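Shared between the two complexes below is chain A, which pairs with chain B and chain C, respectively.
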Partner chain A sequence: MKALRHLKRALWIIAFLFVAGNMIRFSVVPESFGQYGDFRGAHLAEERARDPIHRGSDICGECHDERLEEKNNGAHGPIPCENCHFQPYAGDENHPEAHPEVSQSPDRSQRACLTCHQFFPSRPSAFPQLANFPEHIATNALKLNKDHVGAHTLCVHCHNPHDPKIDLKQNG
Partner chain B sequence: MIYSEYLFPNDMHIYWSLMIVTYPFITGLIAGAFIASALFHVFGLEELKPISRFALMVSLAFMVCATLPLLFHLGHPERALNVVITPHWHSAMAGFGFIYSFYLVVLTLEIWLSYWEEIVAYSKTSASGVKRLFWKTVALGVDETSGEIRQANRRAIYILGLIGIPSACTLHGYVGFIFGSLKSNPWWSTPLMPQVFLLSAIVSGLALLIVMYIALSSKGYLTWSFECLRTLCFYLWLSMLFYMISEGLEILFFFYESSDAWFVISTLLSTKLWVSFVLIQVGIGIVVPFTLLSIMIFVRNNQGAYTTMAVIAAATALFEVWMMRWNIVIGGQQFSKSYVGFRSYHPEWLDQEGILTTMGLTLLPFLLLYLLTRILPMKEAVEDEEPPAEVEPG
Partner chain C sequence: MDKKKNRRAFIKSAGRALAGLLMVVAIPKPGRAQRIHEIEIGEDAPDWLDHYWVYLIDTTKCIGCGACVRADKRENSVPPKFFRTWVERYQITEDNHVHVDSPNGGHDGFLPEDLAQLLTSVELETDGSPQGIGRVKKQGRVTKGFFVPKMCNHCRNTPCTQVCPVNASYQSPDGVVLVDKTRCIGCSYCVQACPYGSRYIHPEKHTADKCTWCYHRITKGLLPACVTVCPTGARKFGDLKDQSSEIKKLLSTQRLNVLKPELNTEPFCFYIGLEQSVR
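Let's turn to the complex of A and B:
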């Protein structure tokens, strides 16, 4: 048995590390962990207590009711204002002061529109999407007789983002 | 450019970088080196004796560094332990923590017992008091090396090796499991993945040992034995054979099933992975070492030619396994969920997860191994050469 002395000692050390490790584990797991599932239960209350960053389109309508109505009646109706304008105010109650900065915020580039309207085979075919942007400009923009035909053309030159549908007959 | 490639907006970037390529590579070397040592300690393959203890040290050096690439990859490395503090059945990553810890204990114990004679000797003969105290602590205050202790150690090493083999297999099989269980990615999602990872791990571990064995024994750091090299090469050939079958089966299934997955995988193989997978990994990394190793089976007397071929075969096999990690990790992220869009990956030199970090993390285990060999000898235990007569029953 004397021959096993060093092995016994090693096993005691491992047992100690195992127990100590588990004790540390139990002491650091947050109290509310597992209350509802595999996460910290108290997290839900903490999240609820936070000031919302996005507040929905209705709050924009309090001042910009015409714009909101225009958007709601158009094809972009279901899209919240904040999708393009970002948050109107991030916890800042002083909206008029923040406004000039916010008004510059919409991304007017082709990229912004193509995030949704780039052609993907997986998108419903009825959804307006572009496979070839230059071709779209060459055919449709010419019909509108616009001056903006060229590589610099932006979607917003022809489409009003709040109500993007264009009646070619009426405009042409 | 991105938008013309039919990529979904949420999969424009390659998130699993070079670090995730390095991580399974280093982990694989651990498992491979350990299995080489187990062939001697458990299965009694005497030919591998010259490398049996060194293989354990290689395994330990890489083991200590295995988690570093993951930590470099994490945005919040300080949260790394959370995964084991609150483990979850739906998170295979937690399993890594437990398997890794368990295997580290097994490996440390095995090395500790393999070097028992030296540890005790140092605790008695070291010149400075600090060193003696250090070695006494390592020996846990025991200073005996009787035949009885040797026998107990040998038995314990055998048992540890026996436990270590499934642990090593689990450790690396698990890395494959993580990839194999990602059902959203057809290039990864196959039950063959753990097996492919495990076999490639053995290939890389053996290949590294072969290269190091030839290099170190030529300088006299390890005892040269042609039979040891032959055995290592034979097992490299064998593991490579099974690895090739598994990897080949995987591709064959994709091809024969011709599901929607094959639509994207065939495009991937003929475009983005044409050079790195087809030409480099298969064309050089598999064909060259496997052909050489097959020829080497018939080379019996010409040691010079055999050794040269062994170096080339092992180095290319090692390279193959690295490329395999690259092609799986990066290749699997080069196509979009749209199945028609593809993206490129260009690692930066100075990035946190860039080329220099990768090189540093790959070299770090070698530095650690060097330090380990400064503390403990590389060569096999000498005491075994004089078997105690009383052990043999009449």
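Let's turn to the complex of A and C:
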């Protein structure tokens, strides 16, 4: 009987360790760990839950359908509205339902246009680029009889950003 | 006396051994037993996991406008000076010198300084082309140039998830490498392990952060933000399981390459027209 008492004690210790070990395990290991693999499965849903910020041009077209059509038919068709009309943290009370970062007024500076259209040897040669921006303004702006020739000439004075192509013969 | 001591010592060591054994044997491997739980899925399709995503970058189309970098910053609130995606400009000069730069990750485009000054100056009198374009300082005329957008390659044999000590970094069943920020301890092993430099430690959250292929967008049927804003279609994204997709067609017809293939990381971000000098 004495020997059995020792065995009992050992069994109690084993049982205690088993229970305690499992309690620690369940409190430390997240519930969904291993659902899809060796990671916390619920994180996929958490990562997924965020709202997209870039909503695409179609949302803009719900109100500005003419502008959207104009853009889609022009050379800037593949560019979504957000590329230019998206100034971070500008805020805009005209678009209460849009994301707060959406701004109605885009960057109209020359820099905004030249970010894509300034000539670089690294740019694909087929892409329309300006090798000499000051010369372009000096020659072409004069042809169009614009008053804006000079330091404050903006690209958008002649080119409609939604449909940038200009027929010089017709205008000149 | 001695006998008692021996017994006590024996029980002590036996107990320790038992406890150790229990830790190994009795505690089932976490995970396998708990596959029954299902995640709460959002508003749309129940098959949102049934994809295998792949990314394709056509370097011959990239114009280096940086729209992708800006969009990524907005979409994912990437902190300043850190990048989930960035654009590198390669300029190779006459004497075969490879000049690589990426000012602010390409976020503001690649306008040279003298042109930027020109645009802000009051008088636009100069009729010459800005001097900085087409030349690299000290190395001379550029004979070959291109832009290479870079980002997380979402490797199949990924070094970054292998080194994570807490399983915070993992590959999802649909092929996206993600970081569980609630588990990440910010040890930055993964930042060092990534051969593409696409991870960073978030300066405020102090956890690893990286490109997720906009997981919150692609699982809702949208494209990643960088793909939607790309004006020339240099960035493509799609599902390998979708046999009729554009990306499937491109992958099967174009000449592809990956970054650092010698590392056997099996990137799932493929490149068209990648030059050998690109690292």
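Rule of thumb we're sticking to: the second predicted complex is superposed on the first by the 109 of 172 C-alpha atoms of A that agree within 3 Å, B and C clash if a C-alpha of one lies under 4 Å from a C-alpha of the other, contacts with A are read in each partner's own complex, and residues count from 1 in each chain.
Basically, a contact is a pair of C-beta atoms (placed from the backbone, for glycine too) under 8 Å apart; a residue touches a chain by one contact, two chains touch by 3 or more.
Because the structure is predicted, anything quoted here is derived from the model rather than measured.
When the two structures are aligned on the shared chain, A:E82 is found in touch with chain C, with no touch to chain B.
In the superposed model, more residues of chain A are touched by C than by the other of chain B and chain C. Residue contacts after overlaying the shared chain place A:S109 against chain C, while chain B stays out of touching range. Contact with both chain B and chain C is seen for A:V29 once the two complexes are overlaid on the shared chain. Contact with chain B, but none with chain C, is seen for A:L7 once the two complexes are overlaid on the shared chain.
When both complexes are overlaid on chain A, the residue A:T153 reaches chain C alone and has no touch with chain B.
By the document's definition of touching, both partners, chain B and chain C, reach A:Q118. Contacts of A:F127 after superposition on the shared chain: chain C is touched, whereas chain B is not. When both complexes are aligned on chain A by C-alpha atoms, chain A residues 10, 13-14, 25, 29, 33, 38, 111, 114-115, 118-122 touch chain B in the first and chain C in the second. If you check the complex, the residues on chain A that touch chain B are 2-7, 9-10, 13-14, 25, 28-29, 33, 38, 111, 114-115, 118-122. Taken together, the chain B residues at the contact with chain A in this complex read 3, 6, 8-9, 84-86, 88, 90, 105, 109, 112, 116, 139-142, 144, 146, 148-149, 151-152, 156, 338, 340. Within the complex formed with chain C, the residues of chain A that make contact are 10, 13-14, 17-18, 21-22, 25, 29-45, 47-54, 56, 76, 78-80, 82-83, 86, 88, 101, 109-111, 114-116, 118-124, 127, 131-135, 137-138, 150-151, 153. Across the complex, chain C meets chain A through its residues 14-15, 18-19, 22-23, 26-27, 30-35, 37, 39-42, 48-49, 60-67, 70-71, 73-75, 89-91, 108-111, 115-116, 118-119, 121-124, 126-130, 133-134, 142-147, 167-168, 170-173, 178, 180, 182-183, 212, 214-217, 219-220, 222, 225, 228-229, 231-233.
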